[in-house]
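Okay, so chain A shows up in both of these, paired with chain B first and chain C after.
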Partner chain A sequence: MSAVGDRVVTGGAPTQRPPRAPLMSDAERARMRRRRAFGRRLRRVLRWFAVAAMCVWVFAPFYFLLLVAFQTKADSLRTPPVWFPKPDFSNFTKILDHAFSSAPAANPSDLIVPGIRNSAIVAISVALLNVVLGASAGYAFARLRFRGSRAIPLALLGSQMVPAFALLVPYYIVLRNLGLTNTRLGVVIAELSITLPFTIWLLRSYFSNVPVDLERAARIDGCGRLQTFLRVALPLARPGLIAVGLFAFMVSWNDFLFQVILNSNVDAIMIQPAIAGLYNVREQSFGIMAAGSLLAALPTMVFALVTQRYLVRGLMSGAGKV
Partner chain B sequence: MVDIELERVRRTFGDVVAVDDVTLRIPRGTFTVFLGPSGCGKTTTLNMIAGLEDVSGGRILFDGEEVQDLPPNKRDISVVFQSYALYPNRTVRDNIAFPLRMQRVPKAEIAQRVERAAERLGLTPLLDRRPRALSGGQQQRVALARSMVRTPRAFLLDEPLSNLDAKLRAETQFELKELQRELDGTFIHVTHDQAEAMSLADLMVVMSRGTVQQQGTGGEVYARPANLFVARFVGIPAMNVVEGVVADGRFEGAGWSAPVPAGVPSGPVVLGVRSESLRLVADAERPVGRVQLSEQIGADVLVAVDSDAGKLVARVPVDEAVFTPGQGVGLAVDPRHMHFFDPETEERIRDHERAAVHAVPDEKLTRTAQG
Partner chain C sequence: MSAISLPRPRSRRRRGEVPESVFGYGLVAPALLVTLALLAYPLGYSFWVSLHDVTLGAAHWRWVGLDNYRDVLSDPLFKPALLRTLLFAFAVTVVTLAVGLGFALLLDDDFRGRNLLRGILIIPWSLSQVMLALTFGWIFNSTYGPLNGLLKQFGVIDEYVAWFADGKVVMGIMALGLAWNLAPLATLLFLSALQTVPRELHKAALVDGAGPLRRFALITLPWLRETVLIVTILAALNGFLVFAPIYILTGGGPGTDTTLLSWWGYETGFRNLHLGESAAIFYVMTVLVGAIALLTTWALGRSKDA
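Presenting the complex of A and B:
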């Protein structure tokens, strides 16, 4: 206890400290401990409630959607709602009924399956094009120096500030002049122009983070420029590529505005306008709408679940010095 | 293996001249070390040899053949980077195999050569790990294995030891040298550590501000530094430097007065003395300095002396180091161990050296600054 005294080098004998009076009695200390334990438990309970509240906030509407989708129409209109009904698939069978017949669509619900198919074609194309074009452009902006190699990415970012709504009419006019309204290709082009700037921006920063030495090593090891890009830079940007692919897919899958304006052709209808078309006040077809919405939400949910580990995991660690 | 020649090689970045008119001949099978402080252009020079950096002027020749316009993948050289630059998404095996795969070597041969390289560097148990799971020293060896697996025309190493701890660095240094002998390879090694350069180099190239200050064996550079920069940069502790004037065969300056070898021209000079050539005289009648501090380094003690010429450091064997701080001391130097530099150009004054061989008396120490 008298370490301070022992360490004195000059100036007489080591001094002894008087023993310190205890700050509190045993009883006081026990009370403090109890109070602290109570505080800890209280915090834990509060935290649990906060998490539970957030879960309810997020999942309650979704559960209601499920309820409506898996109930008969009569049940779904009951007040108070039946919280745990016997599942009923009639809404889904009605949607899927028409899917495998070649007869022209008679009901709005017949358009859901073609809508899903068209949306899938558009969204997957947009996602793939985003990855291919975004990766090459992003890599060029990250690694090459040319006139505009700094200004253009900023302009791309700036273009994101323009609300999509403002572009709607110009897009319509341009695509109509090109004869691309009412086609899936037209929608692909429109969605691409919305998503690609962000994709390029994101991948540019991904490629900037690939250590330059790795690419130099690849050059030394015998790669040309293209091989360096394909064999070294691209694999290291994989989490980024997956992220932008998913982003582009979701944006173009979930988009409503462009798809409803640029396309009035039933053959090229997309899923979101198709769902909107289900709304019919007189029929009160909420069950069909809910079922259609569920089907529309399914792919993005599945994609997000499957790829989340790529989104989170970074492959960069270990590339540089330790 | 190749002879490498640099002819008036330049590299500029805008207005900044990073490498200025470097001319070098690196014979095959030599261990060459580029030594210099950071920013001296040594790495830029290495990168130009590798092809990772364009030359702004001059020629680079491999065996007499111009290569300065070839991309790195056409030069068939290997580089070990300071950061090791291992591909983080590939296993050790794939990292080592990568250059062979790019050369389209048959699979069976790749496997065999990777095994051999791994065995040579003690990496066999680590072949299926990823770089992230290796220590710094192991990563360094993987980088080495990757560079030697395809027997390139030259091995370039860019400060490969600077991220290792001191003990590992010493071991690896030794192994590098051994590896070079074994492969009889042309090695070019870049470092800012003069001790490392000294122990590795067959040919040492000291650089500063983009130019070559001196080239020669480590021993030559140490014994006869070509200018004040080299004198101060090579050797630890740095060479003691005293400004003064030579007149009538004596050096006078900053409280020093000492005879100089015949042939040293009269006029202002800078006198350089290595710490091990500077003797301390304990019982001097008129001391020229006071002992400031003693610092033991292994068998010797570095004694710092505060004098009119600033701080001087003498290297003294432990059993002779009987100095206490504050004690006044005289200084003595063997004239044969004096280095003279021109204060204007900072170049070494060489006139006396041929003469000195004959003119200097044997072992006799000359006391300086005595009463």
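Presenting the complex of A and C:
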């Protein structure tokens, strides 16, 4: 783009320029062109370096982790490290073996599979609740007028600034009194509190961007309010609903604070505390630690790749927290 | 719409149909009740707890008024913990802004592989803070870590370095990890803002002979002001509230070198079992977060006027 653009602007007919620009001699013009060519080449080289630096920044930490996850234990303890090992899957098989045995967890790596199971149940529940509750509220705030339909969304946005820490002590006390610590339900409740306001806000702006014509037509054709919402508006908002569902899943899957404080029991272990526990026994096997955390990160990595477009739009619409 | 002005459909109420406002309240009620029960109520309850001396397991709550707050604010740990937290948040913000903006400017250009790079850039952001703690804990491990191995192979160091022995270095490692986690999102935000910069402005500046640096400073940067503020609030709050890396990597140590407010509150409540005082610490944090958010929002509003 710039190569062509530059020539057009600087090398074009001088008469198009404002008169204050002095005319150049041929020699001057040639020198100018050489300088530009050099500048372009320099730019390309610099960009190549920058792209390389960027790849290192993004992937080097990841590569180090993959390296040790796919290494035999003996290789992982070698100094200097083995930089290009023969792929070895023993760390993963060791973790996944426990999925098919009913033996009680004997060491921290046995908690990963139960942790993934518990977290999956919790995160899916949180996602579904977010979609159901968020869709109806988001639609109402976007389309219907009633007292508070302007102010309440702003209050919800403001509530995003309440850090999870402020809720920690009360959740711990109340859920303990109700016998809900060390249950999945307790974590679902806690995660819902930090995801729902953001979901409502996102879906409100999503519904406002869907053209209203179809809903009007449905109304004129005799659809009731509820029918219009369920049959016309909801199907149109499907991409948005999927995006907030995946987003709520990611937040509750990745959260550590509530998981570690509410579910400290081994029977109710969640995935993040489960892989955090591997750090304490890292000296026994860095490979297991790396493999376990990679398994735990797989779902969110995939979902992030799918939802990034919506995410940016949602954040630009004014919500300031992830 | 036709030229004949029909009454707007939404204002028309059919026989036997619920009014718009009733329908609206019906749709909003479940979500609102959940939010009130799970957010507003605990927030009030938290304040109530912070006015008591509550020990875990004990049935009796002793009313102490604002004593918990006095104790927290006069605690010798408070000031250093607050300063460390602010410094940490500042470091995370600066690195996230610099890296995020740098990458965005790079990806705004057209080159081979750009779309692929842009697509997979998000991966570090998708990882949990636990994951980044484990990753950076492994990289900087003093006996087997790949960084030590790399540096020694290239002759930068003679002996393996015990990175985690020095509190300042650990803070740096954690800030780097968090910025690594946040930068992709910042990049995407900056990129979407960069795409709205009008081409004509750049062309005009080019005609007037402005170099790339001047064009960046005078056109691009002012245009990105709002995004800079959004990223700032995002990074600052994430830095301010960092927890998992401290929990996993340092436990607040060595000494109290990495005891930030979040860890201090956690330790007070869930290790030393003083829930009332812990609630007070978290409330102070909440107020500070609110202040940071309000300040940035205010700046955001001002930037729109300017």
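Here are some notes:
In this text, the second predicted complex is superposed on the first by the 270 of 322 C-alpha atoms of A that agree within 3 Å, B and C clash if a C-alpha of one lies under 4 Å from a C-alpha of the other, contacts with A are read in each partner's own complex, and residues count from 1 in each chain.
Please note the rule applied: contacts are C-beta pairs under 8 Å (C-beta built on N, C-alpha and C of every residue); 3 or more make two chains touch, one makes a residue touch a chain.
What you see is a predicted model, and the numbers here were worked out from it, not measured in a lab.
After superposition on the shared chain, chain A has more residues touched by C, the comparison being chain B against chain C.
By the document's definition of touching, both partners, chain B and chain C, reach A:224. In the superposed model, A:165 lies in contact with chain C only, and not with chain B. When the shared chain is aligned, chain C comes close enough to touch A:152, but chain B does not.
When the two structures are aligned on the shared chain, A:42 is found in touch with neither chain B nor chain C. Of the two partner chains, chain C is the only one that A:77 touches; chain B does not reach it.
In the superposition on chain A, contact of A:214 is made with chain B only, not with chain C. Judged by the touch definition given at the top, the superposed model places A:232 against chain B, while chain C stays out of reach. In the superposition on chain A, contact of A:253 is made with chain C only, not with chain B.
Where the contact sets of chain A with chain B and with chain C meet, they give residues 216, 219-220, 224, 315-316, 320-322. Within the complex, the chain C residues that touch chain A are 9-10, 17-18, 20-21, 23-25, 27-28, 30-32, 34-35, 38-39, 41-43, 45-46, 49, 54, 99, 102-103, 106, 109-111, 113, 117, 119-139, 141, 144, 146-147, 149-150, 152-153, 160, 180, 183-185, 188-189, 192-193, 203, 206-207, 227, 230, 233-234, 237-238, 241, 243-244, 247-249, 262, 265-266, 269-270, 275, 278-279, 282-283, 285-286, 289-290, 293, 296.
Put simply, chain A touches chain C in their complex at residues 1, 5-6, 9, 17, 47, 50-51, 54-55, 57-58, 61-62, 64-65, 67-68, 76-77, 79-81, 133-134, 136-137, 139-141, 143-147, 149, 152, 156, 159, 161-174, 189-190, 192-193, 196-197, 200, 216, 219-220, 224-226, 229, 250, 253-257, 260-261, 272, 275-276, 278-279, 282, 286, 289-290, 293, 296-297, 300-301, 303-305, 308, 311-313, 315-316, 320-322. Residues 211, 213-214, 216-224, 227, 232, 235-236, 238, 315-322 of chain A touch chain B in their complex. Contact residues on chain B toward chain A in their complex (touch as defined above): 50-52, 71-73, 77-79, 81-89, 98-99, 102-103, 130-133, 135-136, 139, 146, 163.
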